[in-house]
Amino acid sequence: MDLRVNIAGVEWKNPVTVASGTFGSGEEYAEFMDLGRLGAVTTKGVANVPWEGNPTPRVAEIHGGMMNAIGLQNPGIDLFCKRDIPFLRQYDTKIIVNVCGRSVEDYCEVVERLSGEDVDMLEINISCPNVREGGIAFGQDPKAAEDITKAVKKYAGQPVIMKLSPNVTDIAEMARAVEAGGADAVSLINPLTGMKIDIYRRTFALANKTGGVSGPAVKPIAVRMVYQVANAVKLPVIGMGGIASAEDAVEFILAGASAVSVGTANFINPTIAAEIADGIAKYMKSCGFESVAEMTGIVK
Amino acid sequence: MAKYKERSAVISQEEIAKDIYSLWIETAQIAREAKAGQFVSLYTADGGKLLPRPISICEICREESKLRLVYRVTGKGTGTELFSRLKEGDEISVMGPLGNGFPTDRREKAFLIGGGIGIPPMLELAKELDCEKQIVVGYRDECFLREDLERYGTVYTATEDGSAGVRGNVLDAVRENGLNAEVIYACGPKPMLRAIKNYAQEKDIPCYLSLEERMACGIGACLACVCNSAERDAHSNVKNKRVCKDGPVFLASEVEI
Amino acid sequence: MDLRVNIAGVEWKNPVTVASGTFGSGEEYAEFMDLGRLGAVTTKGVANVPWEGNPTPRVAEIHGGMMNAIGLQNPGIDLFCKRDIPFLRQYDTKIIVNVCGRSVEDYCEVVERLSGEDVDMLEINISCPNVREGGIAFGQDPKAAEDITKAVKKYAGQPVIMKLSPNVTDIAEMARAVEAGGADAVSLINPLTGMKIDIYRRTFALANKTGGVSGPAVKPIAVRMVYQVANAVKLPVIGMGGIASAEDAVEFILAGASAVSVGTANFINPTIAAEIADGIAKYMKSCGFESVAEMTGIVK
Amino acid sequence: MAKYKERSAVISQEEIAKDIYSLWIETAQIAREAKAGQFVSLYTADGGKLLPRPISICEICREESKLRLVYRVTGKGTGTELFSRLKEGDEISVMGPLGNGFPTDRREKAFLIGGGIGIPPMLELAKELDCEKQIVVGYRDECFLREDLERYGTVYTATEDGSAGVRGNVLDAVRENGLNAEVIYACGPKPMLRAIKNYAQEKDIPCYLSLEERMACGIGACLACVCNSAERDAHSNVKNKRVCKDGPVFLASEVEI
């Protein structure tokens, strides 16, 4: 039995990474486990310059999950390259750098800078629903998504994963657009946009008014979209959205994901992503699967 | 500093004032490593309420690996209400110890100031601090933990309704009792902390504030619980510090509140 | 304090109705309570002819909610008019008939037939995500939504509520489209489309593959959309999506809903809708609100 | 027939075979109204698992308003696993009695046939039926409830692995024991019910089948748990009947399974 997966030419030791923004650059989780237990670490989004992010409160609990509007706070690409990449390189895991920006030029600047760095893949966040400047327009319009894919591909030194927003009428159309733009893989779903109101204070629970909904509550929507995308494009799909157990991860793989990301669950159990990798192996053994690829998308 | 996520056993629980619960748990590891001013994350068993609840540590019994947590039930159907139903012999998932805690090596004459549900961490702090301690506690009405605190220092009380001690807030109690100190340790609602920060600036004395902010992970990863820092923070590279990891205790001069 | 609300000229005694499809035509719930405790009863969707619906399994549990693909099984308008309308008229509550169809002509046929019946309002389901023939195209395209609104309005003898699908990029655009088409009110959200896979049988949990996700899990998405729509159109908004308590209902009202529908929660507690009406009154009293209209949309 | 949603008290619970639990609850109302072949909806206290779980009634003690529910834990992390942790003194939300139940006024020589977790309702049925009863029970391997059933009729056993009774299924047990009857009451997995329906047709005897289907509301409103009916149903106006409300017991000739 072989847990390895090949995502756009990059071999991961197992099909589990973490959702950007739920894992920092891994430092806080390294206190709990060996990051080498993960197929890849996907970093929190990084921009060309440091971002302050949104005012607080930045998170709120919802039934079966949470809502966040962190606002892509990040230390900027310079400190990230100097500190976070060498930190992650200590571990036997692939490094996926999530990139955010306020304009095509911002994205390209970061992507170009990373082309000379020792990282394995890039994930382009064109869909984070939290920050007005965070690229929402790219992620909700097929043409814009195709164009930015083309633009970053010009500068990219590593395979490019385009991360799709679920806040669209037709997710398959978005996937086809980034495929047409030259994406090497897609990941989905970013959070759904939600809102919570405190009825006693009569104000929004988040300073940003809206936030991204994540956690087990959104899993059925995410599985549906992964299924649609996997059946619409030839690109490998990294599936995510509410994965909190190996069973959840397998559900995404059967729906069409070549790999999975664990997100909100990291906040509840800091070692869950590694446990999920172990659990997938156990499932494969018990069901007689020889490889992850063999399971991918077999439920049609 | 090691952190642990474990199943802890409930030793006892009682309601010590209206909606204020005192919970003793026996931990495998957490209590042995904990110090005053740190907190733990408590998890419900309800799939509707997945995020951990940060609860400050009120007392630590390292030898027996026990922790006392004193918390407020914040409403009907809340996670804290679920915690309040725990009984001896029940188990609960706990992660900790989290955060930096108060410095306990200073010897100056001190104010330990707690407001409302900010009072509990003052108890362990009072136990650990070796100095002259003036413990100033503020309540809306019903008092709690005063007898516990009196064992470790002189307790001065303020209540909003005047039912005990000075009518008013903790600084009213400081003034009306004619108190002074060389260092302040405080935990409580933000308006109280702001007033204390101003007081400390006026008096030009060091002041440690324990901040609260809505959290998710509790370990510094999610960047939910930031506060504004006076200077660019080395980790964030912006003027933000993480309450859960860089705090919850900050020098008042470090943070904008 | 006044619990009454006026929705497009129809006065409800309180702002609580039930989501179509979760309450049949009320008969099963009348065993548990007086239906007169509700502002209105919204019936399960009815078509021009009886529909068989989908094969089973038709429902699956998800974390914090459920998924359904009933497939709009209904007895057809003839039996409905003969049996269900007189049954509901026994109770002191408004009757909202939900209408589904496979074509514009189907909808218009039912709407025309109902124009001569003793019912108070119509709700047009152009968004049920379960049935391939259930009108998904109308609900996801602004032009089609506007056109069908115009068409049914021609035949309608009662105020028309257009029920919006959340499976769109821009819900405000959809609301503006039905407003332009002459809708008298909008209701939202219909369920989000989801999928669940049984990893041990390696098959879909629902015979229909996909189903509509509902329950507390979707509430933050629903509140966000109600807020967007209430701030985009002048029409009264009937808010729904995961309401399971009076607090939830108030959250929708503060976000901009003039009334609310209780859906999945009816399956868990058959008297919850009436309890929510009572709870709203309690909230209003404790907060000093004189009317529901006064609360509607005050969180901006 | 009145239905109630109430909080019931757990009297006792034991695991009577691997993953098979026997739970006695004391109800306020439900037990007094219940009859053989009906079911109840059980609710978890977990916000992640909101839908009720339909559980068949195994025994009714009307005088003391008690119900016995025997159910299978269907896996790790399931609602039934949560139920299996209930202990004396705990409370649980229950709605019922639901469904139509078996007819109990027939006097013909009968087969009461249960397969696996379809066996429990046969116990109350055996208690209520006044006729010659041949109780045929089929298991994969481990048997349960046989001693309880023996008090009310002759019990014939089939096991898939041959560890008890006839190796094979319930109809193998009927044949190998050379049994015959004038009416059949059955509950169990669909392939078993199909075979019994065919057997009854061959023998031209009336046959009552208790069906199972994935449910949501349990009261006939949501139309989740339909089965195909032979004729157009008066309520649905299509060839669908509701298992929860029109059933779960149907004449075999009424339904297509």
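First chain written, first letter: the chains are A, B, C and D, and each begins at residue 1.
Note that in this section a contact is a pair of C-beta atoms (placed from the backbone, for glycine too) under 8 Å apart; a residue touches a chain by one contact, two chains touch by 3 or more.
In this text, all values refer to a predicted model and were calculated from it rather than measured experimentally.
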| item | value |
| --- | --- |
| Pair exhibiting more inter-chain C-beta contacts, C-D or B-C | C-D |
| Distance between chain centroids, defined by C-alpha means - chain A, chain C (Å) | 34 |
| Distance between chain centroids, defined by C-alpha means - chain B, chain D (Å) | 54 |
| Between chain D and chain C, distance of the C-alpha-averaged centres to the nearest whole Å | 35 |
| Chain centre separation (chain B, chain C; CA means) in Å | 46 |
| Of all residues in chain C, the ones touching two or more other chains | 63-65, 216 |
| Multi-chain contact sites of chain B, meaning residues that touch two or more partners | 47-49 |
| Category of the chain touch graph - line, ring, star, complete, other | complete |
| Of all residues in chain B, those that touch chain D in their complex | 45-49 |
| Sites on chain D touched by chain A in the complex | 47-48, 77 |
| Complex interface listing, chain B residues touching chain A | 2-3, 5, 43, 47-52, 95, 213-227, 235-240, 245 |
| Contacting residues of chain C [partner chain B, same complex] | 63-64, 216, 245 |
| Chain B-touching residues of chain A, taken from the complex the two chains share | 21-24, 28-29, 31-32, 44, 50-53, 56-61, 63-66, 68, 70, 73-76, 79, 215-216, 264, 266-271 |
